[in-house]
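Think of it as A, B, C, D and E in the order they're written, each chain with its own count starting at 1.
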């Protein structure tokens, strides 16, 4: 069974028709890359899965999105519950202006966890998962803002992992980072794949090629092609895809 | 004799050494293009000639700049007089929020010209020179803000021409315009060359090639190469220049 | 033109009469430009001697120190009586326990030593409630204050300081009429104007010759001096330079003419008619002296 | 109830609490205006506006006070506006390179925070006593002018700061001097913002009471001022005067006078908000 | 042309100088008169004596009762304005659509445009009688209703300035919080308010400073009786009230009594100056750094 099932989804911002009749099935424990030129709707699509678009005033949609068979836009779904199961990492690192420790425990505190031992354990575990533990274990009380950009981004990942989601959404998570930090994040994605289903938006073709199992190519709000990453990059069925991948536009 | 003579000029913004030992001679009635990657100091260099940099708090310079043999930074030079002789057109059109007529006559009013006939004549003459007359002659009282971007930029040129400068400085005058407006501006530069000495900063290699007689290539605050445009574009002496022109960086 | 201008300032006690007179005068003489301030008797005299004003309202005769001040600046003047006032001691209408007070009790309540000691009603009489007493009284720049301290405490300007003190009697009325635990004093006129909101306290000076037992102020008791020691004359002072001006002469003349009616209207006690005639004559003499 | 449900409930409750808090603020305003209107509106009439003060509440009017307020407003504006705008222009256009700029900056910030009674003391010593202006319209207007000066300066600076740099550069590049640039370009482009500031500052001046009391306004002035050195009354002082009288009818008069004062201040504020919105839209 | 420019600059500079002159004038007057005062009254008595009776025969010059009165009314006002203002700020910022917010904010700001003499009238004639029905023993003049009304007056200062500060917190921080499953309330109080804390603090400090310097509301409704008490139900006197009361009563120029208003004035000036500079310093020092 597929983890996520998108069925004939349309999205509008006011009168702007941003996503057009998208359908897609995503299997568990895979990495799916979403590529396409700027403004084609990748971020909008990604943010459907944790209902972040709900925060935008004139957002409207139709169609269905099922998470393990359950419609996440059903009226009885608690958005907060959904967002715990579907974690998100943003383009620019956005740690809270608090200590490293407080950043990681934030999600747990929201759920009312106060037990110090539980929190301590979660912090160490998530920071290890995010490959940040060794760099920060000496001073967890340090402000997160004092970390480097790459460290901040890994902290943001650790913060998400601490609430134990099933699915990770990543919107160009490495685009604000230097090559070394980028490599670390990519490595991380590789490892996280064992436990999580990952969707990643990227502008970087090489990156998409390196990290993902499946790739979806969007253009003008349409899902032009969705297939194994290898297929997309070696023998795409659509000329648009071909042109985009070879850098002829975008 | 050269119209402008730059001798060992250094410019600093605070501790930031922005232009490094630049020397250059510019002949009358030529168009000189200044090219180079972003932040290399082109704008700073251009704004030396009408002393617009004086307005920046921590601007410092050394070296000499001669306009027809006279040091424009000498203590007895009236900056306002200099700026009348050295006109400037900016990157984004910046007409005054007044009528077309008032925009063109502004410089003359500053000099105390009040004679209606003189003003009328100047308006028509400058607008004709700027190839805008036919488009606006019907309603000179219309607000300049109601013009299109390309028209606004030509109005800004007319406004400068009305004070009859010798030299025209243009800082990426077409970069905010559509291709058709750009073509008009380039054509205009061609015609103005008969009467004016023109310096133009541009990011567009093709444009530099089309409009200029001489080209100076800047990088990291240094004037790497300064030569006939044709030479620069066909057989540059420096590898940096070569790399920049062929789009390998910048 | 400055000739039609008259500046008046001083006692808040006298203010209501002066205000009424000026209002009537302005009705009859629209060109007149008369202003009235309320700086208290002391404040008024100070301005008077500095020649900042032409007429000073006063609720007590000018003091020796003030006379010297005027003399030093060469200001001559005359005083003119315009009526009488009784000082009313009042409490909130809902106050059920106070029926009268003796002068001794008032002294115990208001003398400097009372500060922070006599703070509850039961401190005055043990049978009275064990509740705070909230005091209201004239401000120290007012003639009323001088007069009250002199009459009750025995020394002018000696009193406790922990009470709501205002030169503006209206503030006091306002305060007492909204506070069940209040006690205060001010000019009789203000009691007259606000009878419904206040309860008058009869005062016993324990001197049988001034009427036996507690006496409440009224037109009768003030006029016949049985309301002692809290009744007093009301005065206006006119300076010599001002007295030379016809506008001032006309105004003072008008003042004395109207005072009997207006004093009563605003709640004071007019003098007998012959006394007003005497004051007219006195002023006329002052005016004629002023013209060398 | 699990923690998530609790959180959601708290969220819902706060939505209601926040709404109530906001409504409470507005409700208080409404109650208070309603009370005023109920008490005072019936008293408002041509007679009330055109009558002199009187000891009879039903005869008394606000003619003197209203004209006094108008006089004060005009004189204050005449004194404060040129000074405030000029100072704002200086600080924003000239002063920034100067060494004492930081000092001026702190100075203005602090002046804006000085309580109005203190300005009253300044006016009492300087205008009333030292310059011997007495309790005149001029003394009051001078005091209030100093009081609103910081407001004007700050407003002018903000308006000027919103003028785009490109406009200045265009003017200077055509050979304009600094002052020509300010006069022909910067001031016209910021006029809307400056005017807004002026009006807001004046509405503040109109309502100020404490400084007037401190400089010693007279209790009874039955004529309107005809020149700057005349004595005066003003609406807030008249209101204060009436409030402190215990008779209920004077309370009614006070309420009626307050309505007039509020019409003036709210009117000025309304005009200011309107102008600000229009000016913001015009900014390039 | 050059000289003309110089002249204009000089004129403009002189105008700016008026601001400096005003400050200098205020300081000069307060200091000179206060020096006269302190030549006769030792500073220690001024600061420690618990009575303030300078106009009476038995003179005491302890500023504490006036300071206490000022702080008491201010405390009541802040107790109203702080929770209410902050709640409104958070509500407007997190829960209300921008269009509605842009109407509600100016509406609330009307509360700050009402002349304070009007508020004084409101406190005395409406609030006090109303409260007297709820609180037995409430005096006609009291710190409570003056403080409450003052709280309403400074409410928009807290709500608007705090809302501005909250609005300046970047969207990315909010999104991070929501994406972790936080509710609006949790996002507001765990992320947005802490991130905007210095802006919120500045708004509160400014509001306190306004309350400390406010005159007419307390002069009309709080009483004129200096007393060292923390009881908001009885008449008290604030520094500002004392200044108005005495200066409008015309105390003799140059006497010790006259100088007391400047001693009180300088105390008030120091209090508000301190508060303003704390605010200024906060704004400069902790200008919000988020990312």
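The definition used in the following text is that a residue touches a chain if its C-beta (ideal position, glycine included) is under 8 Å from a C-beta of that chain, and two chains touch if they have at least 3 such contacts.
Chain identities (UniProt): A, B = Phosphate ABC transporter ATP-binding protein; D = Phosphate transport system permease protein PstA; E = Phosphate transport system permease protein.
Note that the structure is predicted; figures quoted are calculated from it, not measured.
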TODO: Please name the chain that ends up farthest from subunit B once chain centres are defined by their CA atoms averaged.
DONE: C
Open item on the list: I need the chain pair with the most C-beta contacts, please.
Closed with: D-E
- [ ] Report the chain whose mean Cα position is at the greatest distance from that of subunit D.
- [x] A
Open item on the list: Report the inter-centroid distance (CA atoms only) between subunit A and subunit E in whole Å.
Closed with: 49
- [ ] Between subunit B and subunit C, tell me the centre distance in angstrom, where each centre is the average of that chain's C-alpha atoms.
- [x] 84
TODO: Starting from the mean Cα coordinates of subunit A and subunit D, work out the distance between those two points in Å.
DONE: 53
Open item on the list: Give the residues of subunit D touching no fewer than two other chains, as numbers and ranges.
Closed with: 4, 7-8, 177, 216, 244
Open item on the list: Show the residues in subunit E shared as contacts by 2 or more other chains, in ascending order.
Closed with: 1, 124, 181, 183, 186, 248, 250, 253
Task: Multi-partner residues of subunit B (at least 2 other chains) - done: 80
Task: Touching residues on subunit D, where the partner in the complex is subunit A - done: 3-8
TODO: Show which residues of subunit B lie in contact with subunit D when the two form their complex.
DONE: 50, 52, 55, 57, 80-81, 83-84, 87-88, 90, 92, 94-97, 106-107, 109-111, 145, 156, 159-160, 163
TODO: Please name which positions on subunit C make contact with subunit D in the complex.
DONE: 9, 15-16, 19-20, 22-23, 26, 33-38, 52, 168, 170-171, 173-174, 177, 190, 193-194, 197, 266
Open item on the list: Touching residues of subunit E toward subunit D in the complex: what are they?
Closed with: 1, 4-5, 8-9, 11-13, 15-16, 18-20, 22-23, 25-26, 29-30, 33, 84, 87-88, 90-92, 95, 104, 106-108, 110-111, 113-118, 120-122, 124-126, 152, 155-156, 159, 181, 183-186, 206, 209, 212-216, 219-220, 240, 243-244, 247-248, 250, 253, 261-262, 265, 268-269, 272-273, 275-277, 279-280
- [ ] Report the residues of subunit D in contact with subunit B in the complex, numbered from low to high.
- [x] 96-97, 164, 166-167, 169-177, 180, 184-185, 188-189, 282, 284
